[in-house]
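Sharing a structure here in structure tokens format.
Chain IDs A, B, C and D follow the sequence of writing; residue 1 opens each chain.
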């Protein structure tokens, strides 16, 4: 139906007159379907169902980008091209359904991703799950000073012993109070009101691959809280990597392990590339990055410090140090 | 892990330690997977992949609503309960991917449903599909007088012959101009600018079952334009019905073939149920429904007329006639 | 620019050449903007900003439905028509931003509505809000027997006194443990892990009017949990009603106080409307609604019982009783 | 209500007891509200309403990130921090409503952004807008050879004269056929079926700032089609820049004028930063980027060529040339 001098007929236009097709499948994922992968002390993630695979991404891209791309790119090349250039819609053609078990505290962060379909275990209909995440004596994390939202190192085991004991005491009382309410006939929807956020919940969570990768990029990041990062790593490195290995490789190369530079950083690197430290310093000066304290040391400046990190990572010396 | 006096352990909590599971599948849909179902003169719809089935809805509901529902309801009962009470999230656990071929004019309406994933054939990358929907001499529809957005009956064949001939003339000129532009080296993205809306396009369209039913409810409706209604009927009665027969049955019973009454209509029916026509008339009077023209006939009043239709459908006489 | 024999030029096409326009505003809402409306023991809702009003809905509808509707409908009639016929997009043209303070337990339900924009108070960055919802001695609700997810009546005050005292004990210990962790230098993100679900959180929550009404329809419903219902009532009856009174009226008439009948119920009402109880009974029989226990009484059948409720509400006698 | 040793009370917790607040407003945008900004030959964009401003972003961020950020960052710094680190939710707190007039061909691309609220002019209810975009004799663009989806330079005026004349002929016939159908009583919904894609349509389009910036990033890009790029530039540089100048500046610095490097590119830059061309070449070799034709010249390799572009932009010599 297509007529073109350059382009042979698009495969999607012709192949649908053929015999019935079969659903895309992925043996590597099939082999672990339903298997719970443990996360935290009593959580898990397991793949329950999925739709599509690497080839489904390619198929969707070909309907958009036409048969012409066929000659220059094998599947891997096309997937990498799509990922590099943020052509995101073909990745939406894959879908996965997980069954997860996760503390409510972590779930509160998880559920903020609005693009998924969700069915959560209901503590209105049923009794709350009788399990809460607990903390080993050597796993109490210290408040980070530099980063208001993070943690940095661990408290000593002596402190940890006390904290863990108090945690047990609190979780035990919470559980007693909950049981007591249920026994006295309090409605489940009200009895649950003081459950600790550490209580486990379960859910089916279904999401397309594009939005899953977005979730993973944010939640595998070192800024994400350790607990949700543990789930994200399991989902990414164990499930997505088995499911769509070419997509996963491209995602790691272009989005997870990539670096991004602001217009200011680009100017500074440009000066350094041409071996002109003075020009780089002048540029930083103009940006107001090089304010100094009375004692001559540089003032704290978050954006400059982020730039310094990147320069070091690229192997440049920091010109203003 | 659940402890309860009334409730046995929820199946989802225990069954995941078992041997690997298999993906939900539906033989009735598998047997037509990839098969194009013709719509209009040169369009089609075909299912390319899917995830989930009737049981996946039940499974998702059980994680939310708990094991307790198990004893009172078999799957069909539970699905019907969910549908009746607008518990929509379990239906989101099923997903289907279609490949469609549809005139751009119809696609403009289709694409307004924002909850789907879409990859459309690109006429920037590839030549436009060389096919446009055409109208048989007896299929020219007359503008409805009562309904500003609808059609009502057909023009006579004599008129139709002229109109169809002019349609051919226009489509032919459009095609010539497009070919000419391409031949002269005009960029495809610009060459396409005057293609008629009747030109066919193709797309992969992926959507969850809940949002698909919402689409079908609106687009199978008698107010929807005939062309998109044809696609909706094919998707509903041929694909969804094969895929999730229990869901489809519940959808038809509770949403497609159901009736809804405003608070005013409820009052009127209540009066009629108690054989009190005067009270019904009085109510309509108070609503301002019974204004009359100089000649004594009732003025046009859309809401009253809609109510009259419903009363007749229920077998009541219209009290104010 | 429009040419038509029947239709005068659409206002939106011409009026934009005029002098600068002003933003739609609503004095009734302006007068309470920023004012916290108390909900529960220490929660609130307050409107912080908004966009659009009743007229913005009309304006949007007119661009879709054209100038032709102008003659038949004033604003109220058009809004009611849109609401009655589920033409939902014009209602999306209004937007409101609320600042809410709500127990985390309630927030867990609230946040399931995915169409809103949300910024929640972060207990990673800042200390948790030092307030938890508490229960008065006479407000402990009893588990409903008929409805697995609801409550039904209250426990006696003697029981309540014990339960409230235990609630205080638990909330106090939770608070102590949290303070202790903070004092010992535990990272805030970890210190919060055992906070009770009754702890208050705050958020900015921004949503369009269509999706807000959907939220309210579900959360004002008698099946919704009392706590979120209290918030929904405040938002609906105090804020939305002030903001868009015509929309609110139509919403109440057509969606909140309306009734809906399945195809089966329609058949039964039809028989009753024609005074044919035997036909109604026959119909119920065929549906399998009239199974009887050994002692001759009707078996529990949820759908039949729902139908009975509706028949009584309409003033019909139940034919099979 | 907050208790903390380090943190002063969060402003959002206290300021809501004050006197009624006023809506955020932006005089610079108010002064052009409703004013159509011309785009293409007969299109426009005009802002009709808005909600929020730069300060609304800051306010939302402060509820999330707490009062602690207050001391280190003024508004500009906080906005830049949010933009740099992809903390996108505060930008969703601003909303704008545009009235646009755009050819259907361009609208087909525009509408693919699913996060907006839309009310489009209906050619079922009203007559189609009697205007189509036309092409000047010197504006016919040539198909790009290197980029399958783009254009590259213009055809000569002689060719252009012929093409423009044929365009007029086609648009005139289309218009005649449409008028004829309407005159004969064909339903508007069917009469429109062969309108050219160049026909103008109008819509209200409402979107939050985060999603608008996403739209602009994609549609201001040099890969976007010229027509939609013209709209995106007008929206960005004239409306958003007036509305939220600090957000706009940060968006340009960190997202529009920034550069991103894959893990492979990072390795190559690292080698060059340490003046080691051989290591850079070795790395490219391992990636398979340096395949050569029989005549010794490098084969086409899209990813290598993209990398070369970036190296030149940074002022590096290309090591393998």
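The working rule: contacts are C-beta pairs under 8 Å (C-beta built on N, C-alpha and C of every residue); 3 or more make two chains touch, one makes a residue touch a chain.
If you're wondering where the values come from, they're calculated on a predicted model, not measured in any experiment.
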Centroid-based (C-alpha) most distant chain relative to chain C: D
C-D, B-C or B-D - pair sharing over half of the A-C contact pairs: B-D
Between chain A and chain D, centroid-to-centroid distance (C-alpha), Å: 25
Cα-centroid distance, chain A relative to chain B, in whole angstrom: 35
Where chain B and chain D are represented by their mean Cα positions, the distance between them in whole Å: 32
Sites on chain C at which at least two other chains make contact: 65-66, 68-69, 118, 120, 122, 125, 148-149
Complex contacts: residues of chain D adjacent to chain B: 103-105, 108, 111-112, 114-115, 118, 120, 122, 124-125, 132-133, 135, 140-144, 148-152, 155, 159, 163, 166-167, 169-171, 173-174, 177, 180-181, 184-190, 192-198, 225
In the complex with chain D, residue positions of chain A that touch it: 65-66, 68-69, 72, 77, 80-81, 84-86, 148-149, 218, 223, 252-254, 257-264, 266, 269-274, 300, 302-303, 306, 313-316
Contact footprint of chain A on chain B as seen in their complex: 1-4, 7, 10, 12-13, 16-25, 30-36, 44, 46, 48-52, 56, 59-61, 63-69, 89-90, 92-93, 95, 97, 99, 117-122, 125-127, 129-131, 202-204, 206, 208
